[in-house]
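I'd like to ask you about the structure that follows.
Letters A, B and C name the chains as they come in the text, with residue numbers starting at 1 for each one.
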Amino acid sequence: MELINLGIKSIFIDNMVFAYFLGMCSFLAVSKKVNTALGLGMAVIFVLTITVPINWLLLEYILKEGALANSFGIDILATVDLSFLSFIMYIAVIAAMVQLVEMVIEKFSPALYGSLGIFLPLIAVNCAILGASLWMAERDYTLVEATVFGFSSGIGWLLAIIALAAIREKLKYSDVPDGLKGLGITMLLTGLMGIAFMSFMGIEI
Amino acid sequence: MSTQTVEKTIEKKPVEQVLSKRRKKFINDPLNDDNPITVQVLGICSALAVTTQMKPTLTMAISVIFVMVFSNLIISLIRSLVPTRVRIIVQLAIIATLVTLVSEVLMAYQYDMYKELSVFVGLIITNCIVMGRLEAFALANKPWDSVLDAVGNGLGYSWIILAVAFFREIFGSGKLFGWPLFEAIGLENFPNNGLMVTPVGAFFILGLIIWVQRNKTGYIEH
Amino acid sequence: MQQSNLYVIVFSAVLTIILGGLLALANQGLKPMQQKAIDLDTKKKILGAVTDLEGIKGDDIIDLYSQTIESIVVNLDGELVEKNEKGFDIEAEKVNIAKNFKKDSEERMYPVFKYHKAGDADAIEAYIFPVYGKGLWGPIWGFIALETDLNTIKGTSFDHKTETPGLGARITSTEIRDRYNGKKVFDDSGNLVSISMLKGENNSANVLDDHHIDGLSGATLTANGVNDMLENYFKYYLGYIKKSKSATEKVELLLKE
């Protein structure tokens, strides 16, 4: 039950886009089509579901205070705290994972690879991916919670991004004031959608 | 026969002024015409969530400027040494190191602010502006120019997030830097707008700022 | 040459060593300050439940703490626990309440901070218990200070990370905290009743008895979270409270003889 609650919370209430603005950069700048958003979203879900647990393992067995002592049985290292290396290690894991995903997609679906283009490598610097790992560390999740969290955050991101892309597609036919065209109206839109998502607060199964 | 040797005076290229006109542009352009957040559409990510109050926003702004200046400087200095294949990874590694330094210093000297900013300090690593300027400028330009570019973009980024924070704090809780402004000027019961405190408020304020700015600069996105 | 594999490898290795070394240096150099900051933060919170720390500087707070707080760790039955599972000494201030909350109540470690007169460890003036629970958006936590009768509230301090400012976030304000002062945990028959926030504010005086206080209008869910947190933790510390009470009663009986 707790896990399902965590999942629901991560998708709707702690939504990466609407609650924390993460992962919007690369999306906002270019994508206006639902198809690209979908492809990107799936890649993000995949990367998140893999990197958050891997980073958890890294944190638990190597970086934490005393972790090295536990993993290798060397007691002298009991006070060694390598958590200051967390940022570098997380981003390294993420970059490596994204590289892997890129190679896999290129091999198995050249069409998708072509349509995603520059977005694929940009996933590595997507704030949402690193953000999920950082939150996992801060909130002290267990391995299972971390995986659920990663997966649901990805789903939440996908939902948000698809919804935004869909609305922006329709916006082509609207008469937006000049100063608001593009980024401005997207900001206001995201805000309105954020209000809608706030209605999920307090839900618990 | 006399051979006339024409003495050519070898013209020395004048050393460019420290803050020449060309260089001043590096600082001025990103403030409005080429603002990293509102025009280049970068760096929106990590900042908006902390803009509920001015103080954490200011800490964020200073941290980002620090990371940008030093990463631009370092990359520019070693730009001819970096192998192209690992370019992105090298950039990420340097940025991650600088951000870790900022985080460690905050934890030591400003623990309250460190706790309040939590993950958002780490997220400076994925702030598109930092990587963006490295790719677009520092890799191909000299160190001092790169530093100026970093300062300009950093300031452009900072003033936007500070503006958002200004409105959010004032209308969300009636305070500025924690100081009760409305009470001080006698409007004790000025209602607090709960929406400003939520992320939604940030989106709205940012959208409005962009509107105003684009009306002034005449930039229309298509 | 520059793009050859060997160059890439050498470059990467050198860069890794430089960056790694720089970070390690910074970490070692800053560690003492960081420890101090974390230490101060914990001690400020604990002392903040019993006294007003306004205007007292960091180092003075640490001094005050060492002069007035004796800390122990107990288990669910109220028995003293001195070593953790690995055999190391436990420091009450370092017990991570949030982490402990995830374990079953029988396996947790429960710190108790006894506030006594400066320099006189026997002249206990209050017992401070850390509490932890769930607010609306995220965790809430704090410290409850009980008078020597282990029944009346001497003071409280609450904190949160993600409650709504102006609504749930009010639990950190002095206004809300003061409401708890003087209220009682047990009823006259010795049953654990705890102290609950009623729905809404400005309730009439006849419902605001020893076990009830005004709630938070617009933040009922956070208030419920606080109520549950208090009730749960009074239950967890019941073992210790009973043991302490019977110990003081024994002393009083002995003194009478």
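Note that a residue touches a chain if its C-beta (ideal position, glycine included) is under 8 Å from a C-beta of that chain, and two chains touch if they have at least 3 such contacts.
Predicted model, so just to flag it, every value in this text is computed and none were measured.
Colleague: Using only alpha carbons, which chain's centroid is the nearest to the whole structure's centroid?
Modeller: Of the chains present, the most centrally placed is A.
Colleague: Which pairing of chains accounts for the highest number of C-beta contacts?
Modeller: Summing C-beta contacts for every pairing gives the maximum at A-B.
Colleague: Centre-to-centre on C-alpha atoms, which chain is most distant from chain A?
Modeller: Checked the centroid distances; the maximum from chain A is C.
Colleague: Centroid from C-alpha atoms only, then distance chain B to chain C, rounded to Å. What do you get?
Modeller: About 38 Å, centre to centre.
Colleague: What's the distance between the Cα centroids of chain A and chain B, rounded to whole Å?
Modeller: Computed from C-alpha means, the inter-chain centre distance equals 23 Å.
Colleague: With chain centres defined as C-alpha means, what is the inter-centre distance between chain A and chain C in Å?
Modeller: 33
Colleague: Could you tell me which residues belong to chain B and also touch two or more other chains?
Modeller: Where chain B meets two or more other chains at a single residue, that happens at 89, 93, 97, 100, 104, 118, 198.
Colleague: Find every residue in chain A that makes contact with two or more other chains and list them.
Modeller: In chain A, 84-85, 88 touch at least two other chains.
Colleague: List, in ascending order, every residue of chain C touching at least 2 other chains.
Modeller: Within chain C, the residues that touch at least two other chains are 19, 23, 26-27.
Colleague: Quick one: in the complex, what on chain C touches chain B?
Modeller: For this pair, the touching residues of chain C are 2-3, 7-8, 11-12, 15-16, 19, 22-23, 26-27, 30, 33-34, 37-38, 40-41, 161, 164-167.
Colleague: Give every residue of chain B touching chain C within the complex, in rising order.
Modeller: Touching chain C from chain B are residues 52, 81-86, 89-90, 93-94, 97, 100-101, 104-105, 107-109, 111-112, 115, 118, 172-173, 192, 194, 197-198.
Colleague: Of all residues in chain B, which touch chain A in the complex?
Modeller: Residues in contact with chain A: 38, 41-49, 88-89, 92-93, 96-97, 99-100, 103-104, 118-119, 122-123, 125-128, 131, 195, 198-204, 206-208, 210-215, 220-222.
Colleague: Any idea which chain C residues touch chain A in the complex?
Modeller: 19-20, 23-24, 26-27, 98-99, 102, 136-137, 221
Colleague: In their complex, what parts of chain A are in touch with chain B?
Modeller: These residues of chain A touch chain B: 18-26, 28-29, 84-88, 91-92, 95, 121, 124-127, 129-131, 134-135, 138, 177-188, 190-192, 194-195, 198.
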